[in-house]
């Protein structure tokens, strides 16, 4: 084993840290980064350890088996991710706006995103050439008024066959059906082009311009059945003035959208985002 | 005359700048700072000139009389503010939270706010000593359930007698009656402790915490009859994380609130804020 | 004519605005955006007008001829840019880091940069495919120890033949020879990967990490003969913590670098950057 | 006992977390906030625990005695701070600029700074009334050319008699003598009015204006014998433009200075700042 990661969520109780850190030390693992959080309201505890496992005396299978009793005792939801096992697999969905996709592909190429990109699905054809130039699979799945169910069945099949574990909606302008939301709960990441909860729904920059706000924003969140209401992962803003038209807001907003989405995806891939009801714990 | 200021709003038309700047040059005035804005949607034009009037050949009364025909021709709303005439007069209203008041008083003392503060009105007594130490008049006007009308009649009288031209609600937690909103339209400045339009109404930091946002904000706006819906002057935000409790948001928010309110008040006093329907043009 | 731009720098004097705006109004032009600045220290005046020239009664040649006497009277350096005449021409120089180039190409494709890109010059071959995929000319000019003079002679020739008016150093890691700096004075834009004047020179992120700063930055500036000391166009920063290694600073810095360079280039192309000695006036 | 804090610095080694967290759990303590950092370059480990000690079975004296062997084994520098024992004691030094002092006093009054303020020392008399209105001791110690040694001897005596453990230089414009720097090493906090390492020394805003930077900053750092070169605790910046004079930078800078100093002091008081050579680990 080389570098591993342990992520735990459980009811907050005395002795969790002692128990877990002792277990890791006993196996010869060295904790190189540690984060934990106790949510006073939900009474839940969140923990993430980066472990240098090079000197560990057991393999990951054994680690998992031996950790099981501890996990049970503390009622943990947990994950031990071994850096030598299979990488995360991302399926990206886009429509016509390319900025988020271009940015994700650049970062992936530059090694900023630790994952495989298993393909790009789009309801349009505009970005085929860009995607294929990166050597990635392109799937065109038009979503019309009548074929919606069929289209999303096709998308679900593509995702399944690709073995993707995470879906990234990189300005994908279709509403994801509830069943798909549930199936990939906590694993569909969307970028909304406003500072939620302000301006949910359509044409947020035009709403923002109309209201005369002095800052515009973007929000990266997990998709749930409630439109634009899922747990927020990351947000950022950009100052605007009376000089900016709604069109300028759209242009300036692109820079925030891609930055915010990239941070959200990166943290998700690094298991830094833990869901706590309709909020997130982000060990950034 | 020394330093003056010309502020103009009118329908956008060819030749306004030429006409106004020629008029000023003819009188011997020198424009030291110029701002203008054409709003393409409303079709209105906004202009603000700082004028070095030391070499001007006419006094302000003559300037105003001679400018009248131009103003009429272009259907201008306009104001010529002479730096040697009476300073702006501010009445501040507060409740129990002192941070905005402390900040405004410091800035006023430091010369950052070009105005006289004619007094402080409060529905509580907590800040009397602070205000009096600054040598300012303190007015305690309790606002109970039944005496609301009476209380606001008293407040209106105090404002009137003080000759205040601007009211600053520095975390004043009472709703201003519609009649007072209309009478001092465009001259009542409020600080709302959220990034409007998110979390209007009561306990915005608790709403923000509940929603799990990653940034909190504050909004400085002119008060209108629609609660928390008037023209926005300035906004700013502060990053927060899952570590912060609602109480932390309240603490962190105080810093944004006072900074945003101070900027709004400063710009208002410098005639940098022009109202354009429910939005503002801010020549900051 | 359609949309034009007048940019003026001259000694500050009474009546410039009146004279210029009257001239434009007389010709039937409508000023849609106006910026001006008086530098009290240098005594110089800076002005930029966006002009809706669709109703103008003269063509650009006539406008320029008729404006000449005014320009002479006020000792102006000036430029009348007609939107229907030739677009600005950009030559980009890169080395091995691709983030700034990828970003500029995306923005150019998205219509955010009003210019032609006439080619990309590099001392390496890494980005050939990317550049050619965008349909642009690729020039490989290796710069070794001995052939420096020769290499830069070749570069100067390429620039000349391309008709480029602006050179953008998008993380080009070679020092531009003094003669080239002088020839394209005010038209070579560089991105330096630190918050100048901190950490000029080599390996700024490592210097920053060593010093333990809590913010890192990037600086877009015009290139002069003094390394990293030319007029600053734009800067921005990013918060870092003790958790970040020098390598993390490099990664985080890429996002600032490309954003800051893009803003600088965009403003330069829109004639929003006026040079005032070793400083800039930026009408952003 | 109620709420306590354990802060540890030591060479990085396997099993520290396990050993310490087990010790705390064994005594019945509950870790409510945990931070740790391994510095790969210095090979040192940094840890900070907030402990809910209400159910602990030992008092602080016993805790310290029993922890000693662990501390020895791991060569720890450590501190167990018991919330019921004596609060931190702050001595503030100021000269003529009041903004940082006003801000600190407000925050202290508002309960944002968990400490006693044992007095204010100044080489001027301007702020006596302000300080005394807050019910604090005022010490006027003039520092002239000849009496420097004497003055600082007096200051050292005042600090000693007051039992202050931390000195805050809230725009105190005198250089602290080396002996005093050494004696209170890691306990003298200064605010420098520039984004260090840019513009160290005198008149930084004028240097910044001269250089034409687009952002100004402030730096909170521990004072060492090397002027403006001690470990940085916190920094922040503010955007400026060509419109701003050096005087404007001074005014805008005040807001950054006080915010940055307040954060630095707050974190210091909460034992969130650990020194790592000439850098800091800040568990903010």
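Order of writing sets the chain letters: A, B, C and D. Residues in each chain are counted from 1.
Basically, a contact is a pair of C-beta atoms (placed from the backbone, for glycine too) under 8 Å apart; a residue touches a chain by one contact, two chains touch by 3 or more.
Just so it is clear, the model here is predicted, and its values are computed rather than measured.
S.K.: Going only through chains that touch each other, how many steps at minimum separate chain A from chain C?
M.R.: 1
S.K.: More C-beta contacts across A-B or across A-D?
M.R.: Most C-beta pairs in contact, of the two: A-B.
S.K.: Could you check if the interface between copies chain B and chain D is built from the same residues on both sides, meaning over half shared, or from different ones?
M.R.: On the two sides of the chain D and chain B interface, the residue numbers are mostly the same, over half being shared.
S.K.: Most remote chain relative to chain D, going by C-alpha centroids?
M.R.: C
S.K.: On C-alpha atoms alone, could you tell me the rotation angle mapping chain B onto chain C? Nearest 5 degrees is fine.
M.R.: 180
S.K.: Report the inter-centroid distance (CA atoms only) between chain A and chain D in whole Å.
M.R.: So the centroids are 37 Å from each other.
S.K.: Distance from the CA centroid of chain A to that of chain B, rounded to the nearest Å?
M.R.: Computed from C-alpha means, the inter-chain centre distance equals 42 Å.
S.K.: By the touch rule stated above, which residues of chain D touch at least two different other chains?
M.R.: Where chain D meets two or more other chains at a single residue, that happens at 33, 243.
S.K.: Could you pull out which chain B residues touch chain C in their complex?
M.R.: 14-15, 17-18, 21-22, 24-26, 28, 30-34, 36, 38
S.K.: Okay, in this complex, where on chain C does chain D touch?
M.R.: Its residues touching chain D are 37, 39-40, 195-199, 211-215, 217, 231-237, 241-243, 245, 276, 278-282, 284.
S.K.: Under the definition above, what is the set of chain C residues touching chain A in their complex?
M.R.: Contact set of chain C toward chain A: 33, 98-99, 102-103, 106, 110, 112, 133, 243, 251, 254-255, 259.
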